[in-house]
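Look at the two complexes coming up: chain A is in both, with chain B in one and chain C in the other.
Showing the complex of A and B:
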């Protein structure tokens, strides 16, 4: 619970160990909240507009970077003449799909991370730390081996189911861990994910499909073209759904008693959240591969800036997630031009550094 | 055998007194239990008691058997071809087993914790990162053309410096908070791996091959040049470690107790960390990083060994690690016909052991 101290006085309310006397409670709220309030004084619309502008700039940059010859004047030309030339077709077939895929992936991973953090009431988890992405890859591998001819949507369905199953197993595992031991859960999650990954690698090794597996285990946008990313729009729809049920998720995140008092079925909302996270991870793994740490770092930064009320913070989470992936993709494309470094590699470095920073400045266990 | 009370004593030794500490080192309960039971019971329990009382000799016998199997199974008459090849591989496996097992055990003694290994805290990904950095700055040509002994010395010096730094970061700030320490270490490992991957993408393909051969756990292909050096290093380290074994026993009581009992802590810790860094570098240079293998063999050893004395456990852990590697390799290569699977299986088993250990610590 200590993790939630920075944002919601409601989590303090939730803690039965604290004195319930009104006077002390009042004092606690006012003294504990006012400095935070001043620090978080940047209004949400300003943050959102700012992130939107940053994202717009990054989109323009992302569209103009690439190996093929490309000029904006050529685009202008084709628009004026109403005729397709090489610049516009490049834009339509490769650049725009790629940029959209990046944005959708970033949004999906960041929102999925936020949902799983709220549902598990733990700041330090994300889909790849609860076994979701690894299980999705495992399911994908199995269905590809058993029924290689099945449609993409079937494969994705199987991946979603295995991702959910993996998350359920993980939740069963951590069931007995006290919520105060908030760093134990990501640690177990990392090892759990590693075990699933070892099983997957073992199967792939035995069936000589390591190469196929490496596509899913390693997030990379270089293969994205028109017609090969559209599944990602599904995650956009899921994010809209997340926004619709944002208030319910927030209430469930505040604790069991509060949810009960406010008449929210905790079980239902939790399952919905877990299902959405599983589906988002599965779609991202199927289309571009795993990109770890986005779902961890982005929600943490946003909740530091604007608290944990999901309806308010989800747009910022989505925008910042998209910007983060865009930026890392641009870095990956320009750092060794004309070659490309996969976005997962770049974010592996950036994300771990940010995560270490978060870890080392988090409060100690009580 | 790690009984719960001992377990905790190693975790937070500062609160325990000297008399309780004795029970860490004297594990009588296991023996007593088996004696009480065997007196009136069947041969099977007698046999079990014998096995339980002589774990070292039993392990040595099993190791000898697996060595013989490893050398002779499926040779089909091509002795003069198979024996030198397999002999080299056998030697490498044993060196690796010794290096990983002993370094993990010493690391657990140094950190007073039975669920830590150097590789869990990112020490061997650090080695791989150093390799990549060397290739990045020197280029593959000069990297491969350096005298192997000079290169290895350079790597070990770098490795030692870097692991000293990492050790400082990990243990100065959050030594109280074990979970955070492990998590930070694990994330450091991920960071080092990501940086190595990034460097691997930045260098040209020829250089990449050189780095990649250093960054995969492969028990099949062993660099013969390194084998001699590693053997030499292991012998030297064994001499030092054997001389420190009693001091290590005392160190297990905890830092302040050890200092009170007249151990030169700074000196010993420095020495141990050097040996650990050297052994990790050796093992990683030979086969690449393995995360949980050390944890697996140390957990096994702590269950089998009758005492917590280092004189017994150091030998046991080397034997157990060698058995795991040699027997595992024999089974997978000759019986099941799956050559490269051993490292995956070991990681899997080690990961499960790690989870079990975590849950055991958690329950109290």
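Showing the complex of A and C:
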């Protein structure tokens, strides 16, 4: 299917069994794609197992790479002797927290991208293209200027609210766009995000906080240590919630009439999805900073491989998102060793290449 | 009915499409421009690579003294080449905090200064309060025009606005060269002394700085290696000897804990593991949040973690917090005096 074809249309084509009751096509998930596509597509379990193996290797690499001296034999000694040594404490204080933070961020941004793409029925959007991350940064800046000493959870709460507010404004904006004009949505989103970012930059400029703002605008994991990333687990919980309501999100993504016919409250599910995306963006911006492109590239790749049924594709989106960020952080850590290149910069480059490939590659099947 | 709605939505779409697109393109261009401004480097553009011109002030002032009839003029070395102007220009406008500190120490009246500055010792206490002429980023051209200054002194940040400012009054770009901060700041102090007829006092102030440097150097000798880090939010960057904090290595001769950062002008983003591995004996900390007048968690809270605790600097309590001036007014008289005193005291109390 072409990347430019309407999402809703493509989904219906992919899933002829859809108008049936949800319970019946839930069972169909295990048997995979419709017979017509079964020849071309790789079965989901194979993709997921492959992704899991790749992610496992990247996790090992991520744990091994770092500036401080570290050896796995030291860890082995520590386990055998049941005593802590410098290697095991380094692993617990620095390496494991960083790796977990990377995985959670990757999962969160990719899943948030997928949710927003389904809810808006548009392939070309991601949290930073609907004003979510920019609004979160704006909220974070304002709360940091007004109440610099407030707790992280307060800052995150404010960032979530502003992210929600920004996305609501965006939803109101695109409400006025005719549904046929779906390239307008990302275009408006980019402009909308740009305007919010401009406001944020202006405030930061006037208050001499541009450097502080840059901490959130350039996501990187160099500051992650035990005790300084745990908020990210919240995004993990949100991803589980996304998996639970995956079928409802899929149905909403198929269009208003289908949702109505299947008895799904479109409004409710849409706002739940938007709220989840706002919260995920806010948590990631507060703890590590903005990382563009993941939410755009990863769901698009997965959607090409295994279609748009969320129940089936969400695990693959999560795994690929985690692996992509792991890979980029490993590159960022090694390319100028012992200094770091922020993961946002690395992903900016890798993401651009991947996105161009997605756009220019000939459609796999037609 | 459905056809009708469809038609109407189409027609509205096409009717507002063009103007909307134009608006969006404009906004897009504007936002790209602003994004460019927000890149981390441009906000505190450090010193340009321009060589500092040799100063010819002495020669010029001698000539001026001989020719007592005409108004005494002097040639001042600037980044953009020597500029000649009348001694004791007034009204005087200053946009650079380094130069403000030098002028405050020289007790020179400054008539216009940007507002909302977060440092002390920026203007002489015995002179009238300066008027506001904008911010450190943006000159208020109306106010400047009303004031009709005889000279505008700029440095690093405001150097970008040189052209706009020089259309109003003679503008002197006296940016300090960070790679050679001692010589460069010495030259500036000397030039300002000559420009305002206070060469003797400038020499005395330089003597204070030099004396303190010598005292500090005696204490820092063979006391171990040092590393300068800036804490910004919860993130760290390391600075080398060509940065604005390079005086710690180049003037005070404290060896660098990591000489790989030798050519780093802007800080290098580093992790806490880097600090643990580099293991400096002395950690010099610039707290960016404190430097811009915020409370926040503070650099100490950010550094207080198991990895930094393993360094010599932390375990021996040899962490020196540099003044906000080192960030905003590097090379200024009071910055030298404050930071040298802080470093001297820290090394004096070291075991």
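We take it that the second predicted complex is superposed on the first by the 319 of 366 C-alpha atoms of A that agree within 3 Å, B and C clash if a C-alpha of one lies under 4 Å from a C-alpha of the other, contacts with A are read in each partner's own complex, and residues count from 1 in each chain.
Criterion: contacts are C-beta pairs under 8 Å (C-beta built on N, C-alpha and C of every residue); 3 or more make two chains touch, one makes a residue touch a chain.
Just so it is clear, the structure is predicted and the values come from calculations on it, not from any experiment.
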item: When chain B and chain C are modelled together on chain A, clash or fit; value: clash
item: Touched partner set for A:181, first chain B, second chain C, both or neither; value: both
item: First (chain B), second (chain C), both or neither touched by A:210; value: second
item: Partner chain(s) touched by A:352 [first = chain B, second = chain C, both, neither]; value: first
item: Partner chain(s) touched by A:88 [first = chain B, second = chain C, both, neither]; value: neither
item: Touching partner for A:195 - first (chain B), second (chain C), both, neither; value: both
item: Which superposed partner A:360 touches (first chain B, second chain C, both, neither); value: first
item: Which superposed partner A:334 touches (first chain B, second chain C, both, neither); value: neither
item: Partner with the higher number of touched chain A residues, chain C or chain B; value: C
item: Which of chain B and chain C A:78 touches, first, second, both or neither; value: neither
item: Superposition clash, chain C against chain B - the stretch among 22-30, 184-192 or 328-336 that is involved; value: 22-30
item: Set intersection of chain A contacts, chain C complex versus chain B complex; value: 177, 181, 187-188, 190-191, 194-195, 198, 201-202, 205-206, 336, 339, 341-342
item: Residues on chain A engaged by chain B in the complex (per definition of touch); value: 124, 173, 176-177, 181, 183-184, 186-188, 190-192, 194-195, 198-199, 201-202, 205-206, 335-336, 339, 341-342, 345-346, 348-349, 352-353, 355-356, 359-360, 362, 364-365
item: Of all residues in chain C, those that touch chain A in their complex; value: 9-10, 12-13, 24, 27-28, 30-32, 34-35, 37-40, 43-44, 118, 135-137, 232-236, 238, 258, 260-261, 268-274, 276-278, 288-289, 292, 294-297, 302, 305-307
item: Of all residues in chain A, those that touch chain C in their complex; value: 66-69, 89-90, 93-94, 144-145, 148-149, 177-178, 181, 187-188, 190-191, 194-195, 197-198, 201-202, 204-218, 220, 222-223, 225-228, 336, 338-342
item: Complex contacts: residues of chain B adjacent to chain A; value: 173-174, 176-177, 179-180, 182-184, 186-188, 190-191, 193-195, 197-198, 201-202, 291, 338, 340-341, 344-345, 347-348, 351-352, 354-355, 358-359, 362-363
